[in-house]
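Okay, got some structures for you below.
Same chain, two partners: chain A is paired with chain B first, then with chain C.
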Partner chain A sequence: MQNFELLRNVTIGQYIPTGSPVHRLDPRAKILAAIFLILAVSFNRSIVANALFLAVVLAITGLSQIPLRYMLRGFVLGLPVLVLIFATQFLFLGRVDPPGYVFAEWGWLRVTQYQLQLMAISAFRITSFIFLTSLVTMTATTTELTHGVESLLAPLRRFGVPSHELALILMITLRFVPVLAEEMERIMKAQASRGAEFGTRRFWRPDRAARAYLPLVVPLFLNAFQRAEELVLAMEARCYVSGGTRTKFVQLRGRWVDVAVVMAALAFMGFMVLFPWPPVSDWLRAAGIMR
Partner chain B sequence: MSDPIIRVEDLCFEYNPGTPQAVTALDGIHLEIGSGEYVAIVGHNGSGKSTLARHLNALLLPTRGNVWVNGWNTRDPAHRRAIRSTVGMVFQNPDNQIVATIVEEDVAFGPENLALPHPEIVRRVDWSLEQVEMQPYRHRAPHLLSGGQKQRVCIAGVLAMRPQVLVLDESTAMLDPRGRQEVQRVARRLNREEGTTVVAITHFMEEAVHADRVVVMEAGRIVLQGTPREVFGQVDRLRALHLDVPPITRLAQALHSRDPRFPAQVLTLQEFLDAFRAWRNGRPLCMPPWSPSGPLSAGEPCIRMEGVGHRYMKGTPLEVQAIHDVELELREGEVLGLIGHTGSGKSTIIQHMNALLRPDRGTVTVFGQDVAGPETDVRAIRRRVGLVFQQPETQLFERFVGDDVAFGPRNLGLSRSEVRERVRQAMEWVGLGFEAFKDRMTFGLSGGEKRRVALAGVLALQPQVLVLDEPTAGLDPRGRRRFLDLLRELHGRDMTLVLVSHNMEELAEMCHRLYVIAGGTTALEGRPGEVFGQGARLQGMGLDVPPVTQAFDRLVGMGLVQGLAGTVYRVEDAVRLLEEAVHAEL
Partner chain C sequence: MESAQQGTVLSVRSIVVTAILAAIAVLLGATRLGFIPVPNPSGNATIMHVPAILAGVLEGPIAGLLVGGIFGLYSFLQATTPFFKDPLVAILPRLFIGITPYFAYRALRNISPEVGYALTAVIVGLVLWVLSIAFQFAPEEPELAYAGITLTGASALWAYRVMGLLIAGIGLWISYLLYRLIREGQMEMLALSVAAVVGTLTNTVLVVGMLILRGWFPAEVIIPAVIPQAVAEIVIAVAITVAVVGAWKRIEGGRGASSV
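Then we have the complex of A and B:
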């Protein structure tokens, strides 16, 4: 192992401040709108609708003033998944009946209309998913999102959903990621100074490879437990009682824009699901590509 | 003393009562803390001072006896919230007290728990951040702050509950001198201007000097208390308790022992100078001839850094230049010290010494090998240059002491008997008998013992150079002295040592040669006398010279001392010089 630099300075979620109108939206509005949009695209099986949807997502990206290359970085990370899905669909969906128009056939493998349609839809859908989730995390800080989730779950409190506790757990996790990453880096360096090597064990002996990580994992866990104990004490000393009544310092204030955005997302979902999208096959036939 | 705000009556506390592991931590404590008082509680690790602190806001409840806060008994759960918002508590490690990912939201955590109305929370957050001078950082993420800043955020988080008492439970122990000063300044100002009662638990005696009252604890009891003057006047008693006496007080006592006209109970530099002037009455004191430091090591250079620079997070927007143009040489057989603040780049420098980091610029040569060379065996370098990190005890992972020490030798692929021999030797070197300790449970040892085990783990590689990062951080005075003695013994066994510290006195006592690291580079080099002789330059870098050096500089400057050859920086030297000078006069 040559490089010991871990994600000490990396923030989860990659917030990119541009001060755009999208950034200024209430985090709750962002979360709700994203949920509606994802639902909209999940229940739609038309290529046209999916293509339109991707265009809408790109338009929102433009509005958020986030450079497209940042979005593409997330897309590259998702690429292996996309390839895997493509490969499985190409292998197996050709055999699904009715196949529609059959373009080509080599023994068991078939290229069918149904298969190509689904592959195109998945490509649009997954790209939209990735862009949409990136948009949420790039235009809202993790802290804002935590408050948003807490506030959205708050009405469920009366049904026993511990919304505040969940948000607090999320918050503490985010808080300690850099702390523990730094700790991990220190322990790695210390064990390397004692002659330990990581990542060079032979892959056919996973038991040995796992053992090689014990000198990292054991101290890290002990450290995390000790920190947890001290944190509990510090929280108790500041009058924290689980399930007690509390007030909030951060007050989310929805504006009319936020409401409008959520309503628009909801309406768009309705439109996507209910509109009679024309099948692409008619156009292909008209163009003479398909008989 | 005005009305006591906290009253502790015959407090006894046992951990795990009624079991075979029962330990008595507190044994009959009587203590009253007056409103507006500044009380320092000092004592060793394990003396019970932190256990006592945790009784003051009902985090622990007495096994016997009672604790009263504002007239409420801490045993009464109905008053728990009131007690905890009356007595605010700040702990040792700032990282483990911050809950939120944004500074101002963390400060609001306490008031939120008190279910205060929103405008009141906002008011209190503003006020508290102002009190600790952290307003400009209110929207920052805590992990991007320095240790002192983080601890100030923790204080603000406690102040936001508007406590009448602030308990600082070793809150300065993990900070560098700058951070420690920041925290102390805030605590003293709150005490003076806001009338906040402060209970400071510490093992730094310099911090106790400013208290109204010092309480010394040992084995769960209060063994000594009074004003700082009264307490530090009892040198023999403190020595019997293995506690330090502030260096200035030691100088005063040395003079007092030779000439009773010099007052014994002197706490601060200014008092010492005034007393000295009054005592001499215009006649300067002539210093005997004296040679400041021993011979420098004539050994071969074993580590050489030339024009070394290093950046972290290369190729990202977060890229930082950690060090640049570092010129450093380590000679065989010497004890070399690196001084600098947290963040000055000293940790980055020492990680180049055993090839954990490679230079981006310049060359690092270790025993004649270029660490960045293509043929270089990194593991061979790490075997010859042992690196001991800060608080190395946190790296232990084996259940049994012997196995943990054996980790290094086993990685070398040595035979069973060789491993055993090396483990035995390393353990004997650090003063842990092989037979007595090899089968002990690692995690059942005391803090000081664990640190020795971790040191043995590096010594078992039989390095020729040992590099230690803040070797005594977090140890109490007794542990610190023992650990330094251990390092002296290792040096006696022909080990070349590199000590990294922000503790001037420690480096002054131990080192033959010093490098001052400031702004990411080697700013000064020389023998301790030469380096500490440049007090003004050091202060420009935000570093202090040892207190005795300051005292002598001022005495020379005031014309009260004559014929001083060189710079005095060791307390022992200073005491001897003063004693001899007075003796020669009589």
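Then we have the complex of A and C:
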């Protein structure tokens, strides 16, 4: 029966209230700072810069007072794929030309400068991204984030960006996930009572697995459309006009700390992009490991 | 006056349908119901992109873009697969999943059977062309190198021929399916199927392309690894798209397939 308990597994964002300075930031500041930080490291191909970035992210994590085991959960869940990534990178990236300095060569397998550089950057970047995205979802509730997105996009209304509608879409999405999960449970039970099997999928028969999905997924979609029609009718009956001027229950108020944090993130991005990062190969040459 | 002008971008229906399809995408991801185990290295085929395809087909490109975007954002923030923590892999490619099916659907929905037959003939022609190249290809020293394995001489020639036959087989099967659909006058089904294929391929090709460009996986490894998964995704995406839209729009199915 455990298979049917979908609601328990549905967690969208795991907000962990600790009341830390990071939690108290305005959601807009959090979103902007996260975007700047991600941009700062996304295109950086220096090992030193990526390592520094990881250190900064870890420092913010410490500041947020979120227990490390929560942060590491995302990391552990992705570990098998991480191992796969590094195994394939180790096996195949050595063959990519130009290899740079070749550290070792055993027949077909090569250990090259290019390969090690890419692997190091991947490791730092993946770890920072996992921590950073966990930080966003753990220090802000989904409602806060939605209001933040709406408020940030509001100036773009002049250019035809439907900021309020986008926020409404996000709200309805978040509201409907549990409703549809309940619906899905009902469908699964209905199909199981008619003899459908869910738990006994064998991975070497994907065609069977696929066939077992259709009687689940198709009613789910049709049911969702039905609910959508009802919601449209309800909204139109209450004279909802998309894009009308409206007031809001939740008012976001930024403080000077929020502005300072966004400025700091922006400055950090500029620093990451503009600073002439020393290549690690220079240090390795100085140490005599690499010629 | 200003507000009246602004209301034209998204109708109430678009807002609601977009939101609910995005909710299905999130639900499929959160409960792991959207993953179908396929025996291949990258693990699972996914149907999480199907809501974006449906949004594109039913509500237009903007809804498709938004559902794809929310799906991408969700997989960026919540996925446990590490490389989806890269926004350029998780979000950017997903924006297009709902857009390309819309145009495929629009382009094919109202074509006449004659145009359909002509397109099928073009595919058959391409198949024959590939076959003739594969079997006439006989250089002095044939060589086929892939991922460090090099075939030479007759074995390389046969490898080319087998690849040609495989591509030709897939092409002929596709053109047979198209021919059957056109003969039965099911242009709507045809357009939907092609839209689902296009949407799935958009997802697979762009995500894999970004994975290679960003250096997460080398091309020689991921391209063969992803093919069984892509085939499974295409088949099930077509099945779901046709079944859902067919049942929702009450399209007359040839074999009454749309009863749920």
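The definition used in the following text is that the second predicted complex is superposed on the first by the 243 of 291 C-alpha atoms of A that agree within 3 Å, B and C clash if a C-alpha of one lies under 4 Å from a C-alpha of the other, contacts with A are read in each partner's own complex, and residues count from 1 in each chain.
Here, a residue touches a chain if its C-beta (ideal position, glycine included) is under 8 Å from a C-beta of that chain, and two chains touch if they have at least 3 such contacts.
Predicted model only: the values in this text are computed from it and were never measured.
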After lining up the shared chain so the two structures overlap, which partner does A:G254 touch, if you call chain B first and chain C second: first, second, both or neither?
neither
For the three-chain arrangement built by superposition, which of chain B and chain C touches the greater number of chain A residues?
C
Applying the touch criterion given at the start, work out whether A:T245 contacts chain B, chain C, both or neither, answering first, second, both or neither.
both
If we overlay the two complexes on their shared chain A, which of chain B and chain C does A:A190 touch? Say first, second, both or neither.
first
Looking at the overlay, what does A:P219 touch: chain B (first), chain C (second), both, or neither?
both
Which partner chains sit in contact with A:I172 here, chain B, chain C, both or neither? Use first/second/both/neither.
both
Tell me which partner A:P162 touches in the superposition: chain B (first), chain C (second), both or neither.
second
Have a look at where A:G100 lands relative to chain B and chain C in the superposition and call it first, second, both or neither.
neither
Once the two structures are fitted together, what part of chain A is touched by chain B and by chain C alike?
9, 11, 168, 171-172, 174-175, 179, 214, 218-219, 222, 227, 231, 235-236, 240-241, 244-245
In the complex with chain B, residue positions of chain A that touch it
2, 4-5, 9, 11, 142-143, 146, 168, 171-172, 174-175, 178-179, 182-183, 186-187, 189-197, 214-215, 218-219, 222-223, 227, 230-231, 233-241, 244-251
Please name which positions on chain A make contact with chain C in the complex.
6, 9-13, 38, 42, 74, 77-78, 81-82, 84-85, 88-89, 91-93, 95-96, 108, 118, 121-122, 125-126, 129-130, 133, 136-137, 157, 160, 162, 165-166, 168-177, 179-181, 184, 201, 203-204, 206, 209-210, 213-214, 216-222, 224-225, 227-228, 231-232, 235-236, 240-245
For the complex, which residues does chain C have touching chain A?
3, 6-13, 15-24, 26-27, 30-33, 36-39, 41, 43, 45, 47, 50-51, 54, 66, 70, 74, 76-78, 80-83, 85-88, 147-148, 215-218, 220-222, 232, 235-236, 239-240, 243-244, 247-248, 260
For the complex, which residues does chain B have touching chain A?
54, 57, 59, 81, 84-85, 88-89, 91, 93, 95-102, 104-105, 108-118, 121-122, 125, 141-143, 154, 157-158, 161, 312-313, 318, 351, 354, 356-358, 379, 382-383, 386-387, 389-390, 392, 394-397, 407-408, 411-412, 443, 457-458, 461
